[in-house]
Structures are given as structure tokens and as C-alpha cells.
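In order of appearance the chains are A, B, C, D and E, and numbering begins at 1 in each one.
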């Protein structure tokens, strides 16, 4: 019971065999993504759309989680989503490149730009890194706004990917993407690479002293994060069929960070729970209109005050409580 | 055979010269101590050798090759591994995880192999776990290997710090004030530990404030004061050197309180 | 040219108040106050309400803004931040909390004051000419008030007992406790003072350009830029950051075609931080 | 504040009502023949006023008809229900909002959204789910074929500029012109269109490179540059109602004597509050409801709007048209159009009604052939206003060529 | 009831007992030493007395008043000042401001000014660098500054935590002499926590030897200095 709960939270027990660990970790999420959600919402394009948003946003948040894992508060994911969105938009509208090629291209460009910018910037820590990445989001928006040839404008009429023309199809694609992203990050986090990340987060100097190439691992983590942001941006560009400089702003970057926080930074599943939780909460709060955002703010403070280590930190607590009650 | 040679090492901070033209060598298999009063520049010297700071002048050679200018992790790869003062460990990992992760230099699997948990990667992990358990046992930490480092009693953290360094398989181990804050009993144990490390084939360079322990274990001692080397030699020679006595020991204690 | 100097000076003085407030909070609490811009906005809206809706004098409105926003800051510190700092595993959690409070303030302001741009009639009219440059009287007034306030804060922090305690607390919490300082009270006071400075800055600025409920994030971003330039947690650095940003903006708007000004500011900032990550006045990270 | 708090109460009540609407199964409502119209737009954040005016306008019109027992389509009276969805100006939320209206709620007609970004995001959903929508966004691709589900609810800036500048040139002797644009996609596009128009008219352009960030707090540095060039006219491209008055005040304080023009609608209350005595001399596209031209029906609408929203907003003068013409077209197309937009589309081309908001007898039709190649724009009268003594006065009246 | 008396002090850290049932007491004007190995609980005892650590059990009496429920600030006002381990000066404040911080709880401005003069007279090195920031001082000078800062509170009981740590022997001697002088000239009682047992025993009248959170041995310092057990364990032969 406890083991499977740990697995759900992205912390599969280490002693388990490779394949069964992967399955145990993926199955619960896969069951929700492929089973529960389509069954619940099959005939409701609106909710499917919300779930699609949740899945793609989760994918981007997972990247941000990875930079948390190396001890950096990253508020730049919006910038890379914007970059990825423009790459997909330009390739598909100007050269008619297929969506299935645009997406890897978005990932690649975002990763390269992320690596190039990250290499020097990742030397900064703490709030300095947070602030400078926040500036980066704003800089990226302004760069596209002032980019020659784009006329300060957005790109419209981005073709919808072939085969993904129903909400259910796009949702299933997004769910698969998310599952793949989850597998990627989970594997990174639980393999030796994850331990290296953790060691860097806890003490960079000590990590250096035992021969870990801290600078390189930092860049790798940041580039993977950026690539995931780029992919998410490319997906949304195709889903909405447009991209504008204002499509991703500082508040989007802040949201990605918040999703991770609220879900819980100690769990790979944290960003997914945080994203879906907040996206769904926001939709449910729609019925109270103007107070929606106000309540959203209050909700966040309440979570922070009472579950400072994320919503998932509730799981172990509950398990302990009920486990004790049972025995 | 000379393992490490420090040649004319100098480091300035603004107008202050923290390390001034210091030269010495460390032979393979010896225990060499650098001592000096507080603020003498020991820590700066230490950082310069480990490449945590770039020198203003001079250079450090390891096995005949220049290592100053490399990054600390590259220096570690060459075989120079340092410990830290106080309690520098990975606080949110267990003792075992601390030491397992410190085997990074011994990884044989490719990054992709590591990611996909290839046979090589699994073999690596098995090897690291065994080696880590051995090191922890050797340093008397075997019974706390599954305790998270932040919950470990204070006294164990320094040993864990050394365990982490040993996991990186150093040829030259730099120990930063390994005896600071220890009572005589603890110091005895630590001295035995350092001697044991030398027996494992590791050359030791230590920086220390506590004269007594240093006198017991060092083959040679380098004394620095105000950034400059003022003496070098066997413990007996250094102890007898009037310059050392004056700069370091001051006058007799009996004047206190009178 | 003179105009650029005048513009830069006015902007720098306004920004300095903002930067001073966020720096105070950061240095004492180690909290990056994401809600700083929202506090600024609230200060402006309070002045609007007192002046335009209640028809009371501007001076009174400004005092109301200082007091109310200051109290809100103290309340946040006391109720939210102290708790989160006590119970959370990670330091970054206060950052999330600060984001939460910014959302709360923004939406509360939206519900209370509406979404419209608000401004108050000019307090003074007339325009001074300095060489070839124009200096409208209302802006001159804001400039003078800003400078007076900055000076007052500097005097307070440097030469009063409480100010000294704040600086001490920023440097060493335990040692400060041992001096007999009620650290909780000083933290709350410091947070309140920082918030009040944001409030008064908003209250001053509404008299020349108005505010609306949505400008908070933009102001916070500017505040971040300033403390990155000057060095986080260093008062002199924050003032310098304000001057640099103020003049960079003034020069940029005057000389650079198109509005790449801010893009250039960001790029310059990022490049600058590569060489001096601790900012101009900041102490190098250990 | 009295206004604000009353509005809050109203908002609260509306929210509660809406919450009940959304949570109550639609079967209950079906018995009394309801016609549900969607409204999707930005109703929170800095741009909140754009969507809120749409919402209040729709609510006001709906209440006026409901008081009369409903709107008659094919012999049956329908109660009109407005279903509002806030998109926070975030395309992701616009898409799910549109999916909600046209998918879950099965609504075929909705008003909004309010910006190019959100409107273009909605297009695929509306076309897939067969819905007609009335965006308040200027992107031409929304209204030109192959797109045919969007109907522009107002007059586009690029339609205003030629007429406005022409009139200013002739009536006020404007010879030199300077542009300052909001630095976002809308602002830069509007400026570029304006510059082209000015060139065609032979006006001397003294500056066209000044822009400002939407997040600006002080316009002094921006405006001092332009004012020093002393043009006869300063065009504020895509200036938000929040910003235009500030820019005017700063320019006047700097000694600017000329005129201002803006192709976007402005808010006289904010102008008075922010710019005060400096608020005169702004030529802008009006809300089609200046006192000289409005009908008693418009007066009634204004009263009702004020009741709903707490205060009158001049922008609503234009936004009043959407629901009115939508209902009339539905009536013309017949009851089957309620659930099927094909008859509605067919009815557009030949549709004509008496413009209820204007005092003088004039026809209200769909226009847009000139700009979009098809009739996908409401033929709102183009009322160009000038601020004088704290009020909008009519400067010129024109219209978009069919 | 003695001048200072602590009975049965017990403090837990994260459910691990840091000190257990520690009782110490002494008369006015004495210097009392707490010695013992690293982690024996010396610093925790001081922190418990100054209310920086929460007591799980035990009570503390000073000048006939029970003080274990007071906040750190209230203790300073009652005449107890502590010099923490590691010379925690306020590095970015001037010497003057550092010293004035010491007088934070005092209301008598004239008295504060007088004491400032007096302390500067005692530490001429500090007077020379009155306006410089404290971070620029050497280790020994910083130790003088923190002692001077504590004296600015006009304490009747001074708690010193490892004043000799990390100082060169010559400087240690100066600091030891300073403690003796302060005790003699100002009539301040002192609780001295030290690693340097020899120094501590030499200048104190009475001493407690802490072993893993408990008092292992206590007695007159002169006796302990010659006690074979203590000699073997803590004085390094």
C-alpha cells in the first residue's frame, strides 16, 4: 500500500526490478490519463480541452521541476514556450513543415537557446536566478515583438496537425506527451543523474569537489527544461492555431513555477498534480466570475500556509494516519 | 616521488595578500601538514590547490602537470580531492547515498546508459554501493548508513565528509582542519583514521590549527604566517624553530589572569 | 539633452522609493516581495479614493495610503510570512507565498476599485523651464517629495535605534536577539515600512500618471531589475539601481527608435549579471 | 465608491444567479423557451473593461426584452439568457471557454472575444462547432474567406483612419502628424496602417517610431520626444482608455497645442478624471451615441446599462449593437436558425432593419464587402467625436461602405 | 538561593536530548567555566539560559527572580548579556553602531554615551577604527568588539561562548586577561564556555565538566586543573 502510494507520488521503491518499477510508476498516471479522463469526459469537448491544457501545461511544468531539482527557481519557462511556439508557427506556415517535425524542431531550438543562455546564467543562484529568468521571459516577448519581419505581430492560421482534429484526438496526444515527459523526468530523477542533481542542489561546492561537472549537469537540466517548454509552446501554437508575443508572459512563467510548488517539489508527480489541480480549480471557479481570481489567490495562500511542501505532501500524512488507524 | 608541487603561489584580494609566494612539494605516500595561526592564509592556500580559487601568480603541478586553471571537478578527476571545514555533506541524503553519489568519477556507463539503466549502469551502482558500505564501515559509520545526514550526530559529520572524499578515489587527499573542535579522545581516533587513510595508499595534505595532533602524524610540516612560508621540515625541526615559536605559539601561558 | 536629464531624475527618484522598499523587506526578511508592485498600486488607489471619492486633501490621502499599505504589509508579515518561514522545508516557499499575496491584493483591488485607470487632478499646475527642458510643477512636486522621503528613510535606518536594529537583524538574527531586540516586532515593522514605501510611491505617482489594478507585476519587475543592478539587500545599491534604470529609460526613450529600450535594458542586465552577479554594490556571494 | 460597491453587490448577485444557471440542468429552463446567447471575453486583469462592457451591454439588452415578455422569433417569445465566460485574455482559456459555450452549453451565437490573440484562437472552435461569433478584434483574416463565422462588431481602426485624417486635414488644417503606438501587436499594426493612410493623404509625418510599453507608469519620457517636434496632430495608436488621457495630460503639460487622435474608443469619465482640463481636443471613434444623435431607445438602453453596470461607459454605445442585430437577424432567419447557423448566414446579406439607436431614420445592415469581400461587419455608424469641456461632442458622422 | 541558579535544565533538539538535568549555581562576582568536548552541550546550556533554545524542563533563577519564562530581550533588560560563538559582529555596521546595538535596551542616553567612552578607552584599537565597518577587523579585534558590545548593555551577568575559538595563542591570552579584568573592574559575573580548558580553568573559580549532555564532574577550578581525569581527557597531557 505504502509502496504503491510512493510510486504514485513518483518515488518508486529502489529495490524493485527495473521493468516493474517503470510500470508501477507509470500505470496509475496512465490509468487516469487514458482511462478515467476519457471515460468521464468523452462527450464533452470543453472538459477534454481543459484536460488537454492541463496535460500540455503539466509537460512544461515538469521541465521547471527539473530545474528545481538542481536548485534553481526558474521563471523563464514562458520564454521557451514562446520560442517553441514561434518555431512551430514559422516552420509550418512558411515552409509547410509537418507538425510532427515542427515539435522536435521546437524542442531542439529551445534546448539550444536554453543551453546557450543557461551556460553563463546558471552561475547565479537563489533569487538572483529567479529574477534574471523572470527578466528573460520579458526579454523574449520584447524580442519577438520587435523582431524584424514579424511586423510586431503574431502568426495566424497555423495548420492543425493532421489526425488531431477532434478534441479527443488532441487530448490523447497531449496525454501521451505528458506520459512520455513524466517517464523522462521520473527516470532522470530516480537514476544516478537524479542523485547528481540532488547533490548539486544541496551543495554545489561539495559536488564539484568529488568530480561532478556541475556546470555541465546544470546546463543539461536547463536545456531539457527549455526543450519541454518549447514543445509545450509548439503544441499550444498548433492547438490554438496562432501565436503572439503576448501569448506567454511573465505571469505564465510564474504559473509554471507555482504549479511545481503547489504540487510539491519532492515528488516527480508534483508538477502534474499542481497543474491539473489549479487548472481544474480555475475552471470550477468560473461560476463565480469576478471572484474567481480572488479565490484563486486565497486558495494558493491557504495551501501555502497549511501544506507548505505541496499538495502531495498530504499523501504520506494521510497514509500515516489511516495506516495507524488500521493497525 | 613528488606528487604535488606548489610553485610561487600567490593570491591577492584587493590590496590584501592572503598567500604570498608559497612553494613546497608533497611526495607520494607522505602526510604533509600546513599549519599557521588563524588568518595566516591556510584556507586560501587550500582553495588554490583545489582550484576553488584562481591564483594571482604561481602554479600548482600534480604529477608534473599544471592543474591550476582547471575547474575543481577536473582537478578531482586528476586525483586531488578535498574535504571541507565543519559539516559539509549532502544533508538531505542518507549517509550511504552521500557516499554512493560521491563515486561519480567511477561511472563507466554512458549518460544514455545511465538513463536507460543499462547493464553497465546497474553494475556501476552495485559496485558503488559495496564500495560505499566498505568506506562507511571503515570510518566507523556503518551503523548509521541509512540515517539522513541532517539527523546525524554532529561528531559523525566530519567522518562522513571524509568518506565522501574517499569515494572519489583520491591520490591526494586535502583535509581542511580535520581536528578542529575535537577533544583529545576524539583527536586520537581521528589521527588513527588519517594514518589509516595513508595506509590505503592515499597521500595526505592537511591544513590544521591544532599543533599537537599535527606533530604526531605529520612526516613534514610547512608553517605559514601572514601568507608567507616561514618554515618547513620535520615536526621536531619545526617545533624547535624560533621563528615558528614566536609567530605561532606566542609566549608562555602562565601569564594569563595575572 | 537637458530633457533627458530632467526625465531621468524624475524617474530615478520615483523608482528609488520602490527599490528602497523592496530592499528593506529583502534584507531584513530574506523575502523577495513579489507583491511589492501590488502594494504600490494599492497606495495609488487609496489616494484616488480619498481624494476623488471622499474629496479630502491630497496630503491626507497620502498619509492614508502610507498607513493602510503599511498595515497591510505588517499584517501579511505577521499572519502569513512568519508562519510559512517557521514550517516550510525550503526557503523558496516564501517566494510562492509572496506571489499568492500579490494575486490576492490585485484581485481585491479589482473588486474594490474596479478595473479602470484612476488618477487624481493635478495638485499644482504650471511648468518650469530648465534650459531647453520642461519640468511640469506637478512632477517637480513629486520629485521633491520623493527626495525628502528617501532622505527621511535613510536617516531613519542609519541614525535611529529602530533603524539600527533593522540593519542588525538583516546581518545576524541570533546576535540581534542577544542584543535584546524583539526580532519579531522589528521584522514586522520592517515589512510594514517597506510596504508603506511602496504605498507612498504609488500615492505620489498617481498624481502625475494614474494607476490601475493591473500594473502591479510591471512595477515589481522594475523593482527586481533595480535590485539586480544595485545588489539585493543593499540600500545604497537599490538607490543606484534606481538611478541607472531611470536614466536608461529616459535615454532609451529619447534616442532609440522604436521601443527596443526595454529589450536592450533586459539584454544589458543579463550580460551585466554575467560579469557581476552580485550587482554593483552587492557583496560577492560566498 | 458608492458606485463601485453597488456594482460589486450587483456582480455578486449576478455571479450567484449565473452559478445557479450553470449548475441547474437545462431541462428546467427548456419549458419556458429560452434563447441562450454566449459572451466570451476578458473580464479580469488590466483589460477587464473590454469584456465587461460587452457583458453589461448584452445583459442590458436582454433585460429590456425580457421585461417585455421576451423576443419574438417565428411567433414564439423567447426569454434571453446571457452566458458569460471570462478568458482573462489568455488564449488557452479562450479556447476552453469557447469549447464550453459551443460544445457543452450548445450555444450557437456568442459575443466576443476582445483581442486579436484570443479571437483568432477561437476561430477553429467556432468553425468546428458551427457557431457565429462577434469578436471585437481587427484581424482581417477573421472576416475574410475562407473564414465566415465571425462578424466584426465595431468599426476597425483601419476603416476609421482614412476618414478621420481626411476630416482633420480639411476641417482643422492638420498638416503634420506624429504617431505614438502601444508596443504590442495591435498597436504596431494600427500605427503602420495609420502611417500609410497619412502618406496617401499627403500629410507630413514627423515621427512614427515612438512606442511605449503597455506596462508603463510615466509617459513623460515618451511624450517629451514627440512634443518637441510640435506636430499638428498626435495619433495615439491603439491607446487603451487608461493610457490616452495620461498621454494627453503629459503632452499638454509639455506645452503641446495641437490635436490628438485615436482610432480606438475612449472613456470620457477617465479622461475627465485623469486629464482634467487637458482632456480637450481628442478626436476619437465614438460610441455611436452622442447626445445629438441618440434615439429614446438608446436613452432607455443607457438607463438600463447604468443600472446593470453601476456607471455608463461610452464604449457601450457601440457594443449595444451586437445583441440587437443578432436577435433581429435570428427573427428574420426564422426559429430554425436558433440551433443552426446556416439560415442565419443566409439571412445576413439581405438583412436590414431600422437603426433603433439613432434619432434619425436610418437603416442598420451588415457591411464589410469593401474590406473583407463579404458582409461580416455590423453597420455601426461611424461617429467621430471630439472631447470638449469634459464631454464627447460629435465631430463627424460617416459609415463603412457596404 | 544563590545569585544565579539553574536547576534540572533539559533541552531537546528534534526529539534528541541535547542536555539533560543540568544544574549550575554560583555567587555574585564569580567566573564559572563550562568545559567539555564538542557536542557535550555547553553551547546548548548557554542558549537555554538566554532563552534562545526552549527548555523542556528545569528552572532558572537570577538575583532572586525566576527568569526561565522570559524572552531573550527581557533577559538583556534584566542584566544578562551573551557573547555568542564565532564573534558575530554586525559586519556591515560601523564599530560605533555595533557598540550602540549593545545598548539597545537601555533608555538612559547619557549613561550610554558615558559607557561608550569608557569602553573605547578600554579598547583603543576600536576607537581608532570607530567609523569603519566591523567586518574589516581582525579576529581578535572582533572578539574585543563583541565583548565591548555586550558590556554596553551594562550586564551583571556575562555569558561567553568559546571566546578563544580560532584565535592564535597570543590573542587567546589577551582575551583571557580581558575577561579577568572585566570581572574584577566591573563586578560582572561570568559564565565561560570554553574548548580551551586550561585557559578556562585558570581564570575561573568554579567549573563544570559536561559529558554528552550531562554534568560529569564539577568543582573548584584549581582542583580540576590538577585532576588527573580532567588532565587526561581535556588538557591534552
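Observations
In this section, contacts are C-beta pairs under 8 Å (C-beta built on N, C-alpha and C of every residue); 3 or more make two chains touch, one makes a residue touch a chain.
Going by UniProt, the chains are A = Branched-chain amino acid transport system permease protein; B, E = Branched-chain amino acid transport system ATP-binding protein; D = Branched-chain amino acid transport system substrate-binding protein.
Everything quoted here is computed from the prediction, not taken from an experiment.
Common neighbours of chain A and chain D under the contact rule above are C. Minimum number of contact steps separating chain B from chain D: 2.
With each centre defined as the average position of its C-alpha atoms, the distance from chain B to chain C rounds to 47 Å. Averaging Cα coordinates per chain places chain A and chain E 53 Å apart. The centroid of the Cα atoms in chain D and the matching centroid in chain E are 75 Å apart.
Between chain C and chain D the centroid-to-centroid distance comes to 36 Å (mean Cα coordinates, whole Å). Shared interface positions of chain D, i.e. residues touching 2 or more other chains, are given as 11, 44-45, 183. Shown for chain A are the residues in touch with two or more other chains, namely 142, 290-291, 293.
Per the touch definition, chain A reaches chain B in the complex via residues 18, 187-188, 191-193, 195-196, 198-199, 202-203, 205-206, 208-215. The part of chain D that touches chain A in the complex is made up of residues 11-12, 14-15, 18-19, 22-23, 43-45, 84-86, 88, 91-93, 95-96, 99-100, 103-104, 116-117, 120-121, 123-124, 128-129, 139, 141, 183-185, 187-189, 192. Within the complex formed with chain D, the residues of chain A that make contact are 44-50, 53, 57, 142, 145, 151-154, 156-157, 160, 165, 167, 236, 239-242, 244-247, 282-283, 286-293. Residues 161, 164-165, 167-168, 171-172, 174-182 of chain C are the ones that touch chain E when the two sit in their complex. Residues 1, 4, 7-8, 11, 44-49, 52, 183, 209-213, 215-222, 224-225, 228, 240-243, 245-246, 249-250, 253-255, 267, 269-270, 273-274, 276 of chain D touch chain C in their complex.
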